[in-house]
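Below are two complexes that have subunit A in common, paired first with subunit B and then with subunit C.
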Partner chain A sequence: MTSLLAHPTTALFLGAVLVAILKGQARSVAALVAPLLALWLVWQVPEGIVWQTHFLGVEITPFAVDRLSRLFATIFSIMVFSGALFSLNQTSRLELPAAFVYAGSAIGVTFARDLVTVFLFWELMAIGSTLVIWSAGTRRSYAASMRYLMVHLTGGVLLLIGVTAFIAETGQATFGAMTPHSVGTWFILAAFLVNAGAPPLSAWLPDAYPEASWSGTVFLSAFTTKTAVYALLRGFPGAEILVFVGLFMVFYGILYALLENDMRRILSYSIVNQVGFMVTGIGIGTEMALNGAAAHAFAHIMYKALLLMSAGSVFYVTGKRKCTDLGGIFRTMPLTAICGIVGALAISAFPLTSGFISKSMIAQAAADRHMTVAWLLLAAASAGVFLHAGIKFPWFVFFQKDSGLRPPEPPLNMRIAMILLSVVCVGLGVFYEPLYHILPYATDYRPYTADHVVTQLQLLLFAGLAFFVMLGWLRRTLTISLDFDWFYRRLGPALVRIAEAVIEAGRAAVRTAVFDTMRAVGAWLVARHRPDALLARTWSTSGMALGVMLILLAYLVGFYVL
Partner chain B sequence: MILDHLPALQVVLPLISAPVIVLVRRSRFAWLMAVAVSWVAAAIAVMLAIRVADAGVISYALGNWQPPWGIEYRVDPLSAFVLVLVAGTAAIVAPFSRISVVAELPREQEYLLYAMFCLCLAGLLGITITGDVFNLFVFLEISSLSTYVMVALGQKRQALAAAYRYLIMGTIAATFYVIGIGMLYLMTGTLNMADLSVRLADVTDVRPILAAFAFITVGIGLKLALFPLHQWLPNAYTFAPSAVTAFLGATATKVSIYVLLRFYFTVFGTTLLFRAMPTDQVLMLLSLLGAVTASLVAVFQKDIKRMFAYSSVGQVGYITLGISLANTSGLTAAVVHLLNHAVTKGAIFILIAGITLRTGGASGFDRLKGIGSRMPFTSFGIVIGGLSLIGVPGTAGFVSKWYLVLGAIQRGEWIVAAVVLASSLIAAAYVWKFVETAYLTKPDESSVKAGEAPLPMLAFAWFMVVLCVFLGLDTSLSVGGARAAADFLLGGLR
Partner chain C sequence: MDRHWLTRPGTIALLWVVFVLVLAGTVVAEAFIHRHAHFEVTSWFGFNAVFGFASCAVMIVGAKVIGFVLKRPDTYYSEDGDD
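Take a look at the complex of A and B:
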């Protein structure tokens, strides 16, 4: 029991309490020390089982350490630290404590070696993240947090059914590698995929994340989906269905990100896209692929946080979030722009950035297993990533037309946080050995072969060329002051428009059908359960007595007939 | 020596204290007496439970008339569990009750309430401890009659109507019950439960037994507020004095559920016809309907007492659902939820008693706006209790939900498992309603003005709240006891 004091989650939960009650300087110190303490603890605890106990009639292992859990706990701790640093001047008193509970629960999942504990932290994570969205304090964020909570409570229901069924089937609750072959494991897989942002429920992610505050989105981007990636890594390595799910997510993310106008929503769709790469890797299931998925999760948390910090800084100083309202602000926010570009290069897997050394492992694994189609799709998707996140985000936010905005750089702590993450993104791309060293499996993979670098540069150059061609053409059109929308409609004119129409029509049809049914069912239920409805009003005494008689009669007749 | 007579003392002490209270007629004395009696009763219940755990079933022949001719008191793992539950709740409710009783009742009626409280306690304990079906009927009437009086002592005019409705329904229930055992007596010539179960197995002419089964099921179903026989409950709970609601909410329906368990598993359990009939499917359907419907109705209530009263109907649905699953996990869920729900609802209703103390008896949501800042401890306690009703991990409710879902899955009832979990989300909706009113709405001129409830009341309520969390974390005692009871019941079935 005392070993729980050494649990990194304990440090973060204590930090949440301190941050909630302290004020001023002391609060800032607590906010920065707690994650560092957690990070230190992650590396202090020896590998192996630390604490086991019995709960609900099964043996549970809430605290056990191995390479995989240490890898994810490390990146989660680093992420809380940089997120806390970034959000020190957030005025909401609720957001940071909620984020600490959220991150602490995510770390709790990584150290849990039984499904019961996973479920407990899973639910806590849902509550913490909902509070993070909620604490933005706008009407939209409130509505979004409620929709978000609905999806995650549903996910929790799936997980609980799965876990209990698993225990009923096997008599134990160990969380190790499973194959989806029984009802219990299917439910567990479904619950993990809900959190990963997989279809058909992917929409919760881009719906909710952009509604959080400028700092809240940074936290949100890191934990929920990546905890799901961790859970899939541990629970379902090599489950073939994940290849298809992952590839679907990759393209879903790209398409919608290309159509989107809200800068943080673009980046949210891009999370689905990036998690798709990881899920595909897990589905491929070789040691190389799993290493790649884990490394990509590590790298992705860093550069996606960096991108969202950059977007969050813009939002913080301008209060604007739509690409059409922004542009030309690199003049007064050079640092934010540079950091955003570093993040954009990293997500595009540009050589010498963290994305390059991680994503290529997944593609290599697909090639090694001769999964030609998957490999081709992944390669095509890499170009797509460059288009939507690598170029689109920095170009429309920082350059493009001159929007007339002259915002200042964000406060010092936010700049430091961005510089820190930029250094990590480039540092990991150059000195990748330490990361490879802590991956779940030993690897001697070399990312910087001439062949690989040239291939990737070619890919990016062609994607960039496509953009540059249109860019020149865009410059011309700008002179006749055409609106941004026009550009959109000309970007891959036929393809995008058709895709948009088809997807929107399909989505609208499904949405109308689902919403109409839900509304009808809801109205029907409300009509029957309102205080004056039959089921809720006080019945007269004779009415009650009559009811009792009828039921007795039903029983007697029933027994007579049977 | 005296320890051998604990089973009799368990019932007799509260029973004789009632006339003593009526003779003395002093409200302060009445209160002290009620506290003393309920504490002693709780101590006896705990001692009995320990003895049962150590030495097995206790059989006590009342007046030394040997069973099956005399009345037998029987303490087994299940009844010991329920005895602790009932007496324990009484011991917690009695001490603080004075504060709310003084505020709510005219002085000359106070002693009456305590007399009825002791009688009701005696009745509930008697139902639980007796091994004789007719003796059970007598105690059922004692507890019911005293309950009607307690509900009628509520100071709103609707309290009388609620008590009257409850009286009619309760009388129908008792009549059905006594008709049922009459038929059983006709066919077997015995009233002792253990003896009944042996003899019923040999009865060849099953039709009267089936009729008896129908009468008893409906009669007990009424008392335990099985959907759709729950109509008496919401008004009775809403308009009764707050302390009474806290006591009844935690115990009354639970004891009736105990009776149902006894009849289903001990008395009828051995008969083949019981297993041939689709009784479990019917019970399962009604339980699920009750859990969903009552929770939905609760969502739309405008009065917090009434909302949680409907929630009780829904929670009873979970308990009977566990019974209908008829496997170890399901029964464990049912028995452990008897306790978990009693603790949760006990805490909630005591806290509401504190609120009504400050509002002068009103419990509508319009008076609770912004109560989170006016009565922070009370509100937070209700939220934790609410989390337990939802079944959030870390609270007692989660443990019950867990075993219920496990039991459903072990029986292959996937839909049941899904409905249970979905209906717990409805519970989230009505608990959210309180959170929204208490924390997210600005207080206005109709909101509660004064501060927290008096310390003793808060202390007892928070004891229950902490217990509610404790039972969610350490399940060795609660689930241990419940599992022993479940195994015991299923042992009778085999």
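Take a look at the complex of A and C:
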């Protein structure tokens, strides 16, 4: 049990308590030290099983370390630190503690080697992240957080069904590589995919994330989907269905982002797009592909956080979130614009950025397995990423037209957080060996060949040409695009209203029928029992005698006949 | 107020010239490097340039088509009391 103190999650949960009760400088110190302590612990614990016990007759391993779990725990810890730094001036007292519980649970998942513990942390993540959305404190965010929670509780139920069935099928709860061929494993896969933002439920992500506060979205972007990527990496490497799911997500993200007007929703769709690359890699399943998926998750967390910090800063100082309201603000926010552009270049996988050295491993894996169609689709999607996130985001937010806004740069802590992540995004792109060194499998992949650099530049720059040539087609409009959430925001309530009307009509009909019958019965009774009605009036003695005589007569007849 | 130097027509024209030169440069550079294409089709000269442009054009048109069906005013859900 003492080993629990060495668990990085413990550091973050304690940090959550401290951040909740402390104020001022002490709170800031706690907010920055807890993630660093967690990061330190991630690298102190030796590989192997740290803590194992029995629960309800199954062996559970809540704390075990290997390369894959350490990689994800590392990036999650770095992410909490960056997010905490960025949100130091957040006035909500709830958001940061909730984010720490959320991130701590995500780290808990990465160190869990049994499905019961995974389930517990999975649910805690859902609660923590819901509170992060909720703490934005608006009506919209409350409604969005409830829809978000419903989807994730559904995912939790799927996971619980899957885990229960898995234990019933196999008699053990170890979380290792599975193949989806039984009820239990299918449900587990479905639950993981819900959190990954896979179809059909993917709408939860672009629905909920942009409703969080300027800093909340930064936290949200990192943990839920990437924990799902981790879980798929450990649970379902090489499951072929993931190639199709991943490629669908990639293009879904691009097309919806192209139609979108809200800057943070553009970036939310692009999370689905990026996770699609990782899911495809997991489906390809070779060591190169799995390394690529893991490396891409690592790089993605950093540049997506940077992009959302940049968008969050704009939202913080202008209070505006729609591309149609923004534009031209690079004049007074050059730093935010430059950091946003660095993130945009990284997500587009430009050479010398982190995206280049991670995403190319997935494409390489597709090529190695001679998956021509998948490779071409991934290449088209890479161009599409530059289109929908790489240029579209900085162009419409910072350049485009002069909106007349002259907002100042955000506060110092937010600027430092953005600069830090910009350095990481470029640093990883240039000095990639340390990242390659901690990937799940040893690799000697070399991203910087003349061939690769030139072809990638061609692909991206001509995508950029397409953007500016077809700019008229991309004009922003005050619109949203219908998604699967229409079914539970519109169709579901409409059906409920119809059902209510039908039931109400039925109730009215039954009520009328019952009342009419009772009224008729009452009238009938009254007609016979009211004073001087047939049954209530005083009968004459002779009539009584006649009656008694008839009864006796009937008795006599009955006695002989029966 | 002066126009920001980045927004002057001269600068924008210059940026276009530089952009087109860089585009041409990436294609020309292909002639001087050792290619090891993964598939037959990708070994064609300038494949990535054409493919990058064409696939983006298709995606932009595709998004437009989807938009005709799925776009709604952004107040669409407001009457549910979410705004």
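Here is the rule we use: the second predicted complex is superposed on the first by the 469 of 562 C-alpha atoms of A that agree within 3 Å, B and C clash if a C-alpha of one lies under 4 Å from a C-alpha of the other, contacts with A are read in each partner's own complex, and residues count from 1 in each chain.
Note that a contact is a pair of C-beta atoms (placed from the backbone, for glycine too) under 8 Å apart; a residue touches a chain by one contact, two chains touch by 3 or more.
Everything quoted here is computed from the prediction, not taken from an experiment.
Once the two complexes are overlaid on the shared chain, A:R446 sits clear of subunit B and of subunit C alike. Looking at the shared chain after the overlay, A:R519 reaches neither subunit B nor subunit C.
One of subunit B and subunit C touches more residues of subunit A, and that partner is C.
When the two complexes are overlaid on their common chain A, residue A:R406 makes contact with neither subunit B nor subunit C.
In the superposition on chain A, contact of A:L258 is made with subunit C only, not with subunit B.
Looking at the shared chain after the overlay, A:A466 reaches subunit C, while subunit B stays out of its contact range. Of the two partner chains placed by superposition, only subunit C is touched by A:L457; subunit B is not.
When the two complexes are overlaid on their common chain A, residue A:W375 makes contact with subunit C while staying clear of subunit B.
Contacts from subunit C toward subunit A in the complex involve residues 4, 6-7, 19, 22-23, 26-27, 29-30, 33-36, 38-39, 41-42, 46-53, 55-64, 66-67, 70-74, 76-77, 80-83. On subunit A, the positions that touch subunit B within their shared complex are 55-57, 119-120, 123-124, 153, 157, 160-161, 164-165, 167-168, 183, 525-526, 528-531, 535-536, 538-539, 541, 544-545, 547-548, 551-552, 555-556, 558-560, 562.
Considering their complex, residues 164-165, 168-169, 172, 176, 207, 210-211, 213-215, 217-218, 221-222, 228-229, 231-232, 234-235, 277-278, 282, 293, 296-297, 299-302, 310, 392-394, 399, 402-403, 405-406, 409-410, 414, 417-418, 421-422, 425, 428, 475, 479 of subunit B touch subunit A. Interface of subunit A with subunit C (complex): residues 139-140, 143-144, 251, 254-256, 258-259, 261-262, 322, 328, 330-331, 367, 372, 375-376, 379-380, 383-384, 387, 399, 402, 450-451, 454-467, 470, 473-474, 477-483, 489-490, 493.
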